[in-house]
Amino acid sequence: MTPFLTRTRGRQRLHWTDWLAYAYLCLGVLLMFGPVLWLVISSFKTERELQHYPPRLLPYVQKMEKVPGYSDPLPVFKVTAGPLAGQEVAQVRRIGIVSQVVRPDAPQTIVKVPIKDRKPVEHVALATSNYAKLFKRFNFFQFFYNSTFITVVATIITLLINSMAAFALSKYDFRGRGTVMALIIGTLMIPPTVVLVPLFLIVRDFGMIDTLWGVIIPGAATPTGVFLLRQYMLTIPDEILDAARMDKASEWKIYWRIILPLSAPALAVLAILSIMWRWNDFLWPLIALQRQEHFTLQLALNSFRGEFNTDWASLLAMTVLTLVPIVAVFAFLQKYIATGIASTGGK
Amino acid sequence: MSDLELRGVTKAYGAAQVIKGVDLHVAQGEFCVFVGPSGCGKSTLLRMISGLEPISGGEVRIGGEVVNHLGPAERGLAMVFQSYALYPHMTVRQNLSFGLENLRAPKSEIAERVTAAAQMLQIDKFLDRRPKDLSGGQRQRVAIGRAVVREPRIFLFDEPLSNLDAELRVEMRGEISRLHRRINNTMIYVTHDQVEAMTMADKIAVLRDGRLEQFGRPLDLYNTPDNTFVAGFIGSPRMNFFKGHVRGGAVTLDAGTTVPLPAGKFQLAEGAAVTLGIRPNGMKPGNAGLPLTVASVERLGGESYLYGTAPDGTAVTVHSPGQTRIEPGTQIALALDADDAHLFSTDTTRSLLRKDA
Amino acid sequence: MLKLITPFMQIVDVPMRALQGLLGPRRLAWVFLLPNLFVFGFFTFLPVILNFFYATTGSDHILLQDRPFVGMTNFGQLMNCQSYLDPNTCQIDVFWRAVHNTLWFIVLQVGFMVVFSMITALILNRKIRARGFFRAVFFFPVLLSPVVVALVWKWILQDQGALNAVLDYLGYPTVNWLLSPTWAFAWSIFLSVWFHMGFYTLILLAGLQAIPRDVYEAAAMDAASPWRVFRKITLPLLMPTMVVVMVLALIKGVQTFDEIYAFTGGGPGSATTLVIQYIYQNGFSAAPRLFGLASAASILVAIVLVALTAVQLWITRRNANG
Amino acid sequence: MIKKRKVVAAALAATFLATTAASAAVQLRFECAQDGNECDTMMAIFKKFEATHPDIQVKMDLVPYKAILENLPVDLAAGTGPDMAKITDLGGLHKYYLDLAPYVDKAALEKDFGKTLDWYRAGPNDKGIYGIQTQLTITGAFINKTLFDQAKVAVPGKDATWDDWAKAARAVAKATGTKYPMAMDRTGHRFAGMAMPYGAKYFDAKGNPEMNDPGFAAAAKQFVAWNNDGTMDRNVWAGQGGASYADATKEFINGELVFYYSGSWQIQKFAKQIGDAFDWEVMPAPCGPAGPGHCSGMPGGSGVVGFKSTKHPKEVAELLAFLAQPANYSELEAKSLNIPANATVATAGVKYEGVTPAASKALNAFSAQVPTISPVGYAFQGYKNNRAMFNITVKRLTQAIVGEMSVDEALKRMDADLKEAVAASK
């Protein structure tokens, strides 16, 4: 096996392992992007096309044609067998298994064709109405504002209080530090899903149910965040802090002028994680928020799910819209994430 | 500008005592070097003076005022760290002005002092660079500059040159000495390198195992070391020590030779176990004397060093001016110069030199 | 940004200075911890404690004060099995099916996750064009919401989904992927690896890039074969990173819930029901709501998790010392 | 920079204001999840009410159905619920209902809503009025008539049994190459529509719930067998886990399903999405071994209730009474294409708006089935733990279908689960 397992890379022409690597990467692009691309395309399909089998890549709609003598446009079919085989016809009506059609050039003569012997003529068309409907139907910007407010404020609070705690836990030697660390690591593993009911009751007792703060505050002290930042801060040399102390900096000033800037990569990682969690969070906001004016995009998106029916066309369009901001943020923070994970996860 | 006084200063981590009572007075304007092997507590002592490390017992006085209870910021000191501890995310200028900003100095004054310090240390060209874009020597200058701009009462240096290569170290040594002469401030300098201590210090404090072994001028320490530790630590190459006993005004070495001693210079007790110390340049290859089997020869051109063992197994270093013809493997005899000899009690390791002599 | 936070920080500096004077720098640590501990204590720790009370009470009432105390009954029911290896002999068979599924799930998922993120990281570590782009591509799914991920893959894999359409088009027989317990389970693992792989790839990539180049140069001088270089140099030097990846993947694996729940609903039958889903379904989603049983189950899971971490810490300590 | 800070401050202030400001004197919060347009239609009717009651403002919170099913009970228990909601767990939430009786014309509502009022009550002795059934649904069979025509198989008649339907559907599927002969939504509610003709009682002589009577067992066995021999579309039940809902709408719309046992709420969707692709019809409730008296669909649906915790009981009651008025109720049903539960409206007939002839025919076919609903169906629908029973049915039957356990074992476990659920709800 191959230089492929090492990081040595020749300067010569492409080795066959390079081809293999590129093949793997291209497969990766297909596999990683493909499904999402399909999601985006599907969001431009009509509800009817969404239900179509076999599923087709592009959004099709049936061709409709205005035929003289008929007030509404008629659906166009192609006849596959019989005397009219190969011709495009417009269907006037269908009775049972027989279809009554007319040739566009002879709109008066009705011909009977078995429904087996005709195929709809279709063309690609984007159902942009899926999107237009969203803005018409409800106050999209209210939900967008709520989601953004929750995400931004929660991320700022998360970064602030978790970095403060991580600073204390990494740079001070005090009684009880071990206990606090153990508690935090212990709960690192308990998924919030299993404590929904007690958490709901506590948040209620704080009077935060049905407020954006009820969504923001409970998740702000993430054990993962403290852990991540602490690991990173441990690598900052204590001498720098001592130097700052000699420079007459207060401990708070050391925290925000020295520790915070130096932890920027780790903070960027936590920021993107937090933004992701908050933006995509569904279960907890669903419980904590009740009024529609407080709803987040994820909640609004899911309100297309009824008891029996799901409005897929709207739901997909909304999904794509909620995806856009997070992808933009990611594109912006991308390079920080790479270096950030490099220096936090590895140690 | 102030003097520094330590009175019975101790430091303990739980049961472990690291500093075991140090008394010391560094006069105003003096350049004092703390020297000792690693783990002797010299850096801890410096950090206690700085206020970064709490003091377990005793008093630290700066300018006559007890500062035990004061934090590092309030003592009016500045410190240069072994790793420089520059703020990596700030430019040189920001590094230099950070402390002044904390003191809420006016902006114009900050700029003035930063420029002055930068010019003095020849780093004015790099003011807008970040530490990672500087060479080791430049970083060192920035670290010193950061202390200089503060105009502290006392400068503290914690092994500042240990990360530099030999050539730069010599250069910076001179630089720091010049700086001291120029601003004539009290400076405390920690190093494990006795050459630095000898070349730079007004006063040297030799520390071992949390205790002050000797405190004095460099040449005093060289010429009249209080004990075998100081004698061995100061001076390069190291002093040779020979075990022996006092036999009628002379020392009979375990290696077999008898060395007569100048009368009245030492406190002698007949039959006492003593250690004779002679520096490498206190011995000459001669026709008779202490037999030495030469193991290796270092020829430096202008001078030579012979390394070998005495008959009792004692390792011996001999300095020989000029070039020598002696080859490794030969046996020679060494003439010992008794006037250059130091005598210590083997039991207490203390010097037997008469104080009144 | 900096200009925005500076005034805030300067304002906070005033009381913090006062506190520092009052408490001294060491006890000030608690002040730094306080906001986090407050939130953590009330919204993470307290719910976990309350969970114990739910576990020892019965009925479908939500408020603790309405719930009768039943002692260890819930735990007793959960543990009531003739054989822990055969869920059919257990009183609460679905819980044990979920436990079995979860064990298999994490073993396979962590295994595949490590292998695939390793391969991807190795490839991304080569000198390739558009490395940033490819790196972003593999990280991209991490950004999606679990519900979206499940939705997309469900569409692709359902009987009338895209994959079968492609197979059909190519003339291969179609498979009803989500109807076969084995396939559904396999696809659940695939989905989970697909979803989270990018994160671990990035960590491993960072680890790879931290290995000094001269080590490889030395190996090249020693004429070591590429495979040996990988085995004897890359792998051992990457070990600390691998441990991090494995531990994180393990923890996340046990916590897996949203994406699989939305993907298969735990089906077919209970073939892809994982423990957290069992807890959620019994404690929250569907009638009958047996909060007590669900809380008891979550406590059992927590005990196992804490034990697992202890073992993991012990192993890393041992590795660190040896 | 200062400007930016001001903007942030303004935004913050705006959010605080938004949470505290309430414009009208009385604001009623109405939580609603919709399948089509029923919530929107209801809001339109509430707007009319607001016009005559300027001091009252109704605010609708349109939520995912999941919130109604999972979160509303928690909210109500915790005292943080809305003033009113459209709900489906009619019996289960009884303890939180506001009794409208003191504020409304009880007699009129009794006359109009008769049977469905019982679904909201605690028991036979409870005479309170708690909710307005806004959507009456009946489970029933849809067939793809065109496939029958193509296969030249006769559509079974009025008294056809489940067995007859299975035979016919298989024959049609075979003749036309259709993928699935039959399918049933994945819920215990739909399964009850099959179990009742087989003789399932769901309650013993004392009125205690049970799930092991011979009729239920026979239906269960038949259902599992059909899933395994290809008669039933296995995807629907076996493709899921837990108690999740699943349907075969997509298969039916694509003409891949001959016989689909679902319910009246599908009409709107079928009308819109099948369009002209094929003819579809609603069949009378299939019969079974239990005989002609048991050919019944399962009633269901949702209703709007007020909650005890509201600060404005009188306003809530007035609003609900307004909704129940025949004129308004008729409008609601006409626009949301639902079967009326209001007797006056039902007798007068509903003029459904904007529907195809097929849809209108289907709606009428379902309406005609309302009087034939078996008492078992009514009792079951009104039982407070019926949700638990539906879910238990789904969970255990699926396990039997996928082979995790035998049908007998599944039936035994159902009974144990039911006992547990009943004990927990005491």
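When the chains are written out, they are named A, B, C and D in that same order, and each has its own residue count from 1.
Operating definition for what follows: contacts are C-beta pairs under 8 Å (C-beta built on N, C-alpha and C of every residue); 3 or more make two chains touch, one makes a residue touch a chain.
Worth saying up front: this structure is predicted, and the values here are computed from it rather than measured.
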Separation of chain C from chain D in touching-chain steps, minimised, is 1
Counting contacting C-beta pairs, the top-scoring chain pair is A-C
Averaging each chain's Cα atoms, the one nearest the global Cα mean turns out to be C
Most remote chain w.r.t. Chain C, using mean C-alpha positions, is B
Whole-angstrom distance, CA centroid of chain B to CA centroid of chain C, is 56
Here the gap between chain A and chain C, centre to centre from mean Cα coordinates and rounded to Å, is 18
Note: chain B sits from chain A at a C-alpha centroid distance in Å of 64
Taking each chain's centre as the mean of its CA atoms, chain A sits from chain D at a distance in Å of 32
Where chain C touches two or more other chains simultaneously, the residues are 25, 62-63, 160, 284
So chain A residues touching two or more other chains come to 53, 197, 201, 250, 253, 302
Each of the following residues of chain D touches two or more other chains, namely 70, 74, 78, 250, 254, 256
Within their complex, chain A touches chain D through residues 47-48, 51-53, 75, 91, 93-94, 96-97, 115-116, 138, 149, 197, 200-201, 204, 209-212, 286-287, 290-295, 299, 302-309
Chain C residues touching chain D in their complex are 3-4, 58-63, 88, 91, 93-94, 97, 158-160, 176, 178-179, 181, 264-273, 277, 281, 284-290
Chain C partner, complex, touching residues on chain D are 1, 4-5, 69-70, 73-74, 77-78, 89, 92, 234-235, 238-244, 246, 250-251, 254, 256, 385, 387-388, 391-392, 395, 398-399, 401-405, 409, 413, 416-417, 420-421, 423-426
Chain B contacts chain A in the complex at 47, 50-52, 71-74, 77-79, 81-83, 85-89, 98-99, 102-103, 146, 150
Chain C residues touching chain A in their complex are 5, 9, 12-13, 16-17, 20, 25-30, 32-33, 35-40, 42-48, 50-51, 54, 62-64, 119-120, 122-123, 125-128, 132, 134-148, 151-153, 155-156, 160-162, 164-165, 168-169, 194, 198-199, 202-203, 205-211, 213, 216, 220, 226-227, 229-230, 234, 240-241, 244-245, 248, 251, 254-255, 257-258, 276, 279-280, 283-284, 291, 294-295, 298, 301-302, 305-306, 309
